[in-house]
Structures are given as structure tokens and as C-alpha cells.
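The structure appears right after this line, and notes come after that.
The chains carry the letters A, B, C and D, assigned in the order they are written, with residues numbered from 1 in each.
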Amino acid sequence: MVMRMKTIKTAVVGASGYSGEQLVRLLLRHPGVELVALTSRQEAGRGLGEVMPRFRRWPGVEALGFMEPDPSAIAATGAEAAFLALPHGVAAEVAVPLLAAGLVVIDLSADFRIEDAAVYREFYDHEHPAPELLAEAVYGLPEVHGDRIGGARLIASPGCYPTSVILPLVPLLRRGLIDPSTITTCSMSGVSGAGRKASVPLLFAECNESVRAYSVPKHRHLSEIEQELTRAAGEPVRLTFTTHLIPVTAGIHTTTYASLRPGVGEEELAEAYAEAYAGAPFVRLLGAGGCPDTKNVVGTNFIDIGWAVDGRTGRVILLSAEDNLIKGAAGQAVQSFNLRFGLGETTGLL
Amino acid sequence: MVMRMKTIKTAVVGASGYSGEQLVRLLLRHPGVELVALTSRQEAGRGLGEVMPRFRRWPGVEALGFMEPDPSAIAATGAEAAFLALPHGVAAEVAVPLLAAGLVVIDLSADFRIEDAAVYREFYDHEHPAPELLAEAVYGLPEVHGDRIGGARLIASPGCYPTSVILPLVPLLRRGLIDPSTITTCSMSGVSGAGRKASVPLLFAECNESVRAYSVPKHRHLSEIEQELTRAAGEPVRLTFTTHLIPVTAGIHTTTYASLRPGVGEEELAEAYAEAYAGAPFVRLLGAGGCPDTKNVVGTNFIDIGWAVDGRTGRVILLSAEDNLIKGAAGQAVQSFNLRFGLGETTGLL
Amino acid sequence: MVMRMKTIKTAVVGASGYSGEQLVRLLLRHPGVELVALTSRQEAGRGLGEVMPRFRRWPGVEALGFMEPDPSAIAATGAEAAFLALPHGVAAEVAVPLLAAGLVVIDLSADFRIEDAAVYREFYDHEHPAPELLAEAVYGLPEVHGDRIGGARLIASPGCYPTSVILPLVPLLRRGLIDPSTITTCSMSGVSGAGRKASVPLLFAECNESVRAYSVPKHRHLSEIEQELTRAAGEPVRLTFTTHLIPVTAGIHTTTYASLRPGVGEEELAEAYAEAYAGAPFVRLLGAGGCPDTKNVVGTNFIDIGWAVDGRTGRVILLSAEDNLIKGAAGQAVQSFNLRFGLGETTGLL
Amino acid sequence: MVMRMKTIKTAVVGASGYSGEQLVRLLLRHPGVELVALTSRQEAGRGLGEVMPRFRRWPGVEALGFMEPDPSAIAATGAEAAFLALPHGVAAEVAVPLLAAGLVVIDLSADFRIEDAAVYREFYDHEHPAPELLAEAVYGLPEVHGDRIGGARLIASPGCYPTSVILPLVPLLRRGLIDPSTITTCSMSGVSGAGRKASVPLLFAECNESVRAYSVPKHRHLSEIEQELTRAAGEPVRLTFTTHLIPVTAGIHTTTYASLRPGVGEEELAEAYAEAYAGAPFVRLLGAGGCPDTKNVVGTNFIDIGWAVDGRTGRVILLSAEDNLIKGAAGQAVQSFNLRFGLGETTGLL
């Protein structure tokens, strides 16, 4: 006899994009979840297996279909939690009524990641649609804010790039091992990060055999990266950050440089990481000289982190790899969901 | 009546690798070249079209085949110039007798790039095999050393990464627009850069859907990069440089950061580039905000350079893209060859 | 309180190749399996997470390492079942002592797939190493031989191509809906099918942006394909079959043509498939006009099958897609294992 | 002194798609061509180098820009020839006034490939827009209709798939070596074949790691394939033909099967090919057992053809590879242009 875990009735709002699809994949197999609503303006009325043929014949799929993203209809399903995989701006509009209806909201958009509405406006080019909620939103990076996620009503799940930049830096900034004014970062992302939208620059024939930087010099994700690094450093942090599109479907690799404080060496770095991530089930520390490879993390919620001291220049080189749609989006959101509902951090993710 | 250009009898030594193949491709169509010898230890005795089926039926191919890399046999063909596409260490051994036999040698290996034999030993882990030749070797980067190439007997053609790192930096270092102690660089290369050798980590199934850094923190190419940046800056330059393998066959993208000297802005940068590369037919300046894409340079000898000022941090972001096998290897070698033999810099390359 | 399924002590012999890796992945998460031995001549003595970094931090991985493929040492672990992911010829040599030691053997090589030792010799160019075992070996295609797998001591798991060719044809041949003398097949496979071995033609730079046929006209897998089609048709079947290498890591797509018997139309085809695969949890029938896409099956044990009547020529077009390493290898082997040990066909596979 | 070839003033109408881009690439370097007009509704008013950055700094590019596709404006440039790289239906509308203005028209669309307007309607779902021109249009496959191209006013350049299917079959059908009722064909194409249009199914993240058939069972190209095979066989030919999308940018591989007439063997096949393509500079015969690889033809106007006799079934296996945008589109059109204007078949193409 198997005793089933208590299940949380859950909705995925905006389930037809790439992050939505990964949410559905993870939640279908999550022993603590009952999927009660999938929404998609475009696919409303169609069955899940019809829209996403890869899910056909999975247990539980036949009963599932897409509905309109109507907040009261979502609430009427009895959903206790809703994941929002919507464009920024739109997400906040849906979050407000869902919160009012008593749901816990885990938002994968940028809408509630930035504490300061002025910074949001600077980076996203419009007024924040629900500034009154910013104070209570929790930045859903479990390895950093795990203690605050448990009681949250509104979780702002981090961006894909920020996760890969913040996690390698936080332990070093907290201990003052690096000079925060010297941080420079290069990230490379798979094309799924740009979303499932008809667009010539995202065509196979445009992205294959191609590498290019974009959003130079001020990618929107800088806003949340700097917010979190500033918090860790205890002083304002500004960094240079460039994103590149490379021909893989999934995966982000981030390489970061910073000058070490005098006297800091491999031992201090190893100690900082070991202590910071001792209890983090999804952070895999590859150690000094370890070079993460996206193919080892794609399809999982792991982030792999390696580092090296460049003795010739006094800098540290930080390397990280994650699946942009999982640890960088859907998986991380589920990880926060697990913490929020007391389900065990790794449930449905290993 | 068409008057043919005078042709130089030319050998390609080590013609069966990826750089060798590009040399053959370019030289077959070069109006100033008569290919008189192709060597390959492994393919000796076989026809060119048999070993490289893509060249079958090209004009002139049927008569060509591979011979052993025997210097006296090469000299006996009447070759006036030899391109060496051999591993480091081996190249010097072949260069010595070919130079002695009166040939001009254009070496694509690292053997003659480093002026200081001690630096060579530090980075390549063995004694330099022909240190007496280092003084006369010319670093074959035509945009920087064009004036010295014309009279050279021994041209050391630059590495693929160094070309993409040095060309964006030299104009800024020469004018003192950036602080040389703040340079950090990220490069991403296609897999052909690792050569045509049986190796599990280079298999399709290992490289596809994968990104990873390698040779961290001290890639061998740092030695020539720092030599050339030091020369341009007029003071010692040390930088942090990381190479990444990405799933494209050809192409290198390099992103470099450096702190601007106080008061330097877009105008000074644009002026520096315009002046430095006014006469450079293969440098395409994309201007401020321009983001090069490897797919626009692959198959050509162009390097595309863009830049952006990150006003928030006072840094400049430099972006460059080239074909690692052409501007990063075979094409650049032919460009030097053209200068050496007075054939017009772009002959056979446009 | 959760009552655990009874677990079978299991060994994977030859665990360091691509099929072995998928076996390890599936068995690590299989609730009815306790992995007691992983062997690899090359990796003996190393930890699983060290050799395959993608498995680091998975539950149960830390205790696992590779040992030499010594049959008595394998038997001494108490293993009740062994999966063999070894080259043909080698597999039989290991199977004999393991069977003698009382283990159930599930062999992923070709060694026990062919009932007739003469056919084996014709296609594999050497004498069969253990012909005395051929009579009792069961061809482990659960959708066809499910009833015989339950009692088998030696299961010969089918090849990747054969699975994709046989499953779409068997229902039509059994009912006599097509003319067996008219079958022609084109298969396209990802590069992982060629194995994890250092080889120039399998390099990324050789396979990317490339499509080519190979093993023309007599691929070894024809032997088992024809054996099974002959069995289904009740008369000798010979077909033309060509395999192509395409630049994907995983996945096989097979397109098959055959002339329909007079009077046969879409209705008869649909009925034949519905009846044949009503109880087959891993066969997804896309129906008339359905075009399977490998990306919907990669990472799963599903095979997707679609078909279309070409009324202009009287032929049927059969389309199938599977993951060559899962339904085409490791997943199918686990499916047979489940049937053999009465664990529920889909255990650990959905 | 170099005497220049007489140049033909030439227009490319619809120059911003993938075929248009290849036309521009080839014609820019064609010694017998002066490009006088490039049209694109979408890009009118912009410079060529701006729209297609890969052409920046090529000789002659700076002066070129896009104009509206207005036939009288095109004629006013003095153009003697126009290549049309437009969607079917649209091409005919532009061809009529250009022909009236005295230009030679080389149309890369399907509009003038089908001699029978009823067949056109059957396959293209609309009435033919200019049926009066069908009688004089020449199917621009130089290896088959070379003798008629020289005097043509309107050349209908073949489709990408048809070129790869027709050329391997015509020599065998003409000599009656195969049974025309038994032909079955599988083609695999790179994604550029679908054009440069915003479309979700053509996104990198949808095409990468994916293989799928499409337009089953009646691809539009069947109409021209069957027309030409019927002509070669001297009797009506119907075949089964399936197209597959694979993750390469460029390249088509086609595998065709047919039953050999009794007594036909390798010798007769070799002889048929040798005789048919003795004077064809772009057909490379790989011989019996030769397996073409798209990577050997991509970027060129070659088509590589191999074949094998499957003695077990009495069928022949035909294999061909071409660049879908060059021999399958732009290159073949230029080849016809060369024949039409007496410039030497290979001019600008080798």
C-alpha cells in the first residue's frame, strides 16, 4: 500500500510557451501536485496532448486541456497555487486577481523581481502595473532567499541569466573575497530562452552556425542581478554583462571575472562555496579547475559551478551552467513551490 | 585576351587537416598561385579529390595529390613558398630546411609567433626547436605588421583566438583609451578549431547541445595575445581570457571588456578604429552598438568588429567575429602571402 | 508510510557507452531495481559521478562505481539480472557465464537476435560464439513477443533501426494488407547511434551540416528486420533498407513504403493498428496523416507511428519516430526486464 | 591588360529571401553580369550591405540597394535579364510585364514549370495566372534541357527537390533500365528550403534535434518530378515521394529506389550515367557504392550522385546530394542564364 502525498491543486497560466511546457512536464510527474488548470489564450479549447504531442499518453494527460486565462475561472477550479508563465506586464495583471482570490502566485516573469518600481521602469520601459505588491514579493532564489519563501504569498521566480550569474557570485560577495567594482560577465544562452514566437532572427537558418551578442550594453536582467549582488555585497554593485545567442536549444553558460581581494586564494573560495551551498541540493560544486558543461545539466534542475584563480592577473574566473528553462525558469519555480508548501525541496525535481 | 598574373609556385605542408583544407580551397582559386605540392604523412600517395571529395571536379584538382612531407622533395618541386599547417613543434623542424632551401615560409603553427623562447617554453611545455629563427620571424597580422611582412622570409601567422582578441584592442591601446590592466576576454569557438583528430570529446554527440569552457585559466594563445597587446600599449599587458567550445563548425566570437580612461567616449573610439583600419580591406567596423554575427563572416576573410560604451560602469564592450579557419588561419596566411609577394592584399580572398 | 516495491539486484555490463549511460539513467530511478554492479573495462575503479558528471548528486549515485566486466565478480554481487551493453561478439562471451551463474541476461547487442547462426555469420562476418543459446533466446520486442518474454532467461533486445521498422509493419503484414515484396525503407539516425568511440567521421565538424547514407546496400540490421517481418507475414520477406546519418544527437525517423493489397484503405489500416497496439503503452498511433517528429519522443520510451495512403500509386507511407537509445535500446530493454520480473510494463519508464 | 567579358545587365526580383540572397552572392562575383536592380517589397530603400551584412565590403556592394518590385522601373534600369525569386502566383504576375518589356526571365518559382495548367491547378490550388506562357517556357534543368535553354525567353528553374530526384533517374529511365512503376523516393532537406519567413515550426528550438516528414503524401513538387520522369521514360510515371525536414541549414539528400529490369546490373548503370553526364560540369558521379554527403556540395553548384545494386531484392538504390539553394535554386538558375546568354556553362559557378 502506497500512501500518497497530500496534493496541491495547481494552475499554470500561460502554459503554451517553452517555460510553460517545462512547468507542465514537471508538474505532471510531481507527486504533490494536482494540475487543475492550464491556460493559453491561443490554445484555449484544445487538449494538452493535441497542442504538445510529446505529452500524449503520459499519465493524467488525457483529461487536461487549455482554457482561457480568466482569473475567476482559474480560481473556480479550486486551485491553491498558480504559476504564471506570461510576458512581463501581463503577468502582474493576472497576479492581482489571483492573489485576491487567495491563491499563492509563483510568477516566472520579471514583474515582481525588482523591489524598486523606478528601476523596473528604467529597465522595462513602462510603469509598474502593481507597485503595491512589490514589498511583499519574495525573490524566488531558494539558495539565497529560502528562508523567506516558506511564508510567501507572491514569489517572483528569477530570470534564467540572473540565476546563473548570481549563484556563483553571492558566496564570494558575502565574504568580501572579491572587489565588487570589477565584476564582468559573459553569458551564452540557447535559443529557447527567446520564447516560442514567430520571428525571423530566431529561425533555424538564422541561428544555426551563428553566434551573436544582443541587448548590448544593458540587458534587462541587469536590474535583478545588480539588486541581488548589491544585497549580498552590502554595497552597490554595478557590473558589465553581455548575453550571446548560441545554437543550442537549451542551456546557459556564464563566465564571470572579478578581482580577488589581496590574500584570497583557492582555499577561501572553496570554503565560501562549501559553506554557502552545503544544504543546496541543486548546486553542484565542481571545485577549482572544474569546467561545467551545459549538456550535464540540461533537463535537470542542477546548476554546476566551477572556478579558477588566474594567478597572473589576480582575478577569479567563475563558470556556471544550467538549463535555462529548468533551473533558469520552471524547475526553480517548482523548487520555490515545494518550499512554500512544505513538500521537500527536491520533490518532483530529481 | 586575358593576361594572367605571374604565379608563385606554392606548397602546402600538412594539407589534410581543417586549416590545410581551407588553404587548398583558397589557393586553388588564387590567380597568383600554382600549387605544386600538398603533403600529408597520412594521405601520401592519394589524390586530392579522393581525400577531400568536396574538391572533385574543381579546375586543377585532378592533377593534385598528396606526397610525404619531405623538405627536399618539397624544394625539388620548385616551390617558392610553403604554408605549414602542422602541429607546433613539428612545424619548426620542417621550416628550418625549407628556409635553408630558399623558400618563403608561412607557418600557421605557434612555433614562430612568440619572440621570447622562454615564454614559448612556459606556454608550450618544451624547448623551442629553432630559437635562432625567432628574431627574424614576423608576426603575420597584416593589419598590425603589414609593413614588415613585405620583406619577411618567415611569417608566423597568428592563432585564431589571438586575431579576434588583438584586432579590436590594438587601436584603443595605441591611443591609450583604455586601462590595460582591466582587460577581460571571453571567446567562443567552433569545433573545427580543435582539428580533425579522432577524439571522444570532439564527437558530435559530445559537442552538440553543449557549451563548455576549456584550458582555464591559461590558454596557450595568451602568450601571443599579451605579446602583441604589450607592444601596442607600450607597457606590459596581462589579461584574463577564457575559451569556450560551442556547437558550430566554424566561427569565433570574442567579447572583451576594459575600463575606459576618464573622458573617453564613443567619439574617440570611433575615431581610433576608423584611423587604424582605414586601409584594412578585411576589417569591417560595425560601429557603436553593432553586434557582429559569426554567420556573416564564416567562409570569408573578414573580421567584423562592433563596440559599445557601458556608461553605467565606465567600460567599453568590444565584440568581434571571424571564421576561425580563414581570418583565424588559412585566409590570414594567404593575406600575408599576398603582401609578401606583392600580389595585392585581397587577391584570391574576395 | 510508503511500501517499497520488491527490488531486483541488477548489473549493467558495459555501462560507459551511450546505451549503457541510458540504462544507468533509467535504472537509477527505477523503483524495482537495485543497481549492484556497473562494469567498464576502461573506467574500472572510477566513480559513476566522476565518469558521467551528469549523474552527480542523483540519489544513490555516490555509492556507485565501475568494476571490471568479470562475470564471477558480477555474479558475486548477488545480481539477479544483467543488462549487456557490449559490442556484438563480446556480449555472447559474457552472457554464457552469467547465464550459468543463474542470472537473467538482457543483451542489447546483436548476438542473440538472429535465430539462424548462418544468417548471423552472413551479416556479422564471424561464427556465432554461442550457437547453443540461440534456440532459447527471445527477441525482446514486447509489442510483438510480450508473451514469451515473461519466461525468458535470455532476452535479445532489438536494434534501434529494427524497432522503428518492424513495429509499423507487423500489424499490416499479419493481416495481409500489404504486398511483402514491395517494402522499401529509409531510416535517419542521430549520431549517438554510432557509439562513444573516437572516430574522425563522427566528429562534430564532420557530422554537423551533413547528411549521408552509409552501409549501403546491406546494413546488418536487415537480418533481424527480415526475420521478424517474415514471421509476421508468414512468408519470406526481403526489403530494401537504407540508413542515413543526420546531425541530431538522438532520434531515429523511419519512412517505409509498401503497395497495398487491392481494396485496402485507411479504415483497414487504422483497424489493424488499433487492434495490434491496443495494449501497448509505448506505441502512440498518430493516425492517418499524422507525421511523427523525433523531438516528441526523444528522452522517452515511446514510438510514434503515423501513416498515409498514397492513392495515386496504391502505396501506404509509414512514418515512425523513436529515441534510438531508449525505445531503440535501453528503454526497450528495461521494458522487457519489467515483463520478465512481473513489475508492470511501464515501471520506471513513464 | 585584362579584357573583360561582355556583361549582361541583370535584375533580381525578390532578392531578400534565401534564394535571392544566393543569387546576389553568385551574381556579384559573376564576370558576365552587371547587377542593375535588386527588388524587395519589404526592404525597398535600404542598402544591400545594410540588409545583408555578410555582403558589406564586397566589391560593388556599396552602390547596390533594394527597390520596389515595379516591372516598369526594373525595365527602366536597362536590365536584359531578370531572375524572379518570388512566391508562386506572384512570380507570373511580374513575369508577364517583364517579358513584354523584352527581358529574358528566369523564374525560380513553380509558376512556369508545369506544362499543363490543369496539373498546376491540382497541385497549387489556384488557376494558373498566365497559362498563355506555358507553351514557350523551358524547364531550366541544363543537364536535361540544355539544348532548349539557349533560345528561351522564359526559363522555369526547377525546384530543389525535383533536381535531386530527376537527375539520378533520367539516365535510367531513358534507357529503360528500371521499372517506372516501382519508384519510391525519400528526400531530406535543410530548413532554409522553407524560406525566410517568421514561423513557429521553423524556429531553431523547433527544428533542432528534430526530424519530421511533411506534405505527406502529395508534395507539390511531385507535379514537376512526374512531368520530367514521364518525359524521360516515354510513359506515364507516378512515384511515391516523401520530404523530411532535418536540422541543417542547407542541403538536400535524396534516396530513391526502383526495381531493375531483368538482366540490368552495375555495368549498365555506370554506362548510362557516364553517357548521360559526360558533358555535365556540375554532376559528379561517385560510382557504384559511392555515398554522397551534403557537406561536400553545400556552397557549390554540384550534385553528387551515387548508386548501389541491392542484389537481394533486385532494386537499385540511388543517392544524391545538392545544396538546395544553389544547384536546387540560385546556382542552377545562373547555369541556365549562362547557357541562355552564351557565357560558358560554369561561368561564375566554379
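Brief remarks follow.
Following the convention adopted for this analysis, contacts are C-beta pairs under 8 Å (C-beta built on N, C-alpha and C of every residue); 3 or more make two chains touch, one makes a residue touch a chain.
Remember, predicted model here, so these are calculated numbers, not experimental data.
Considering every other chain in turn, the ones in contact with both chain A and chain B prove to be C, D. Annotation: B-C is the more contact-rich of the chain pairs B-D and B-C, by number of C-beta pairs in contact. Centroid to centroid, with C-alpha atoms defining each point, chain B and chain C lie 46 Å apart. Note on chain placement: the centre of chain B and the centre of chain D lie 36 Å apart, centres being C-alpha means. Among all residues of chain C, those that touch two or more other chains are 206, 208-209, 247-249, 293, 295. Remark: chain D residues 18, 190-192, 196-200, 202-209, 247-249 touch chain A in the complex.
Taken in their complex, chain A has these residues touching chain B: 182, 184, 186, 188, 206, 208-214, 216-218, 238-240, 242, 244, 246-251, 253, 255, 257, 289, 291-295, 298, 308-313, 315, 317, 319, 321. Contacts from chain A toward chain C in the complex involve residues 1-3, 53-54, 56-59, 209, 281, 284, 286, 293, 295-297, 299-300, 302, 304, 350.
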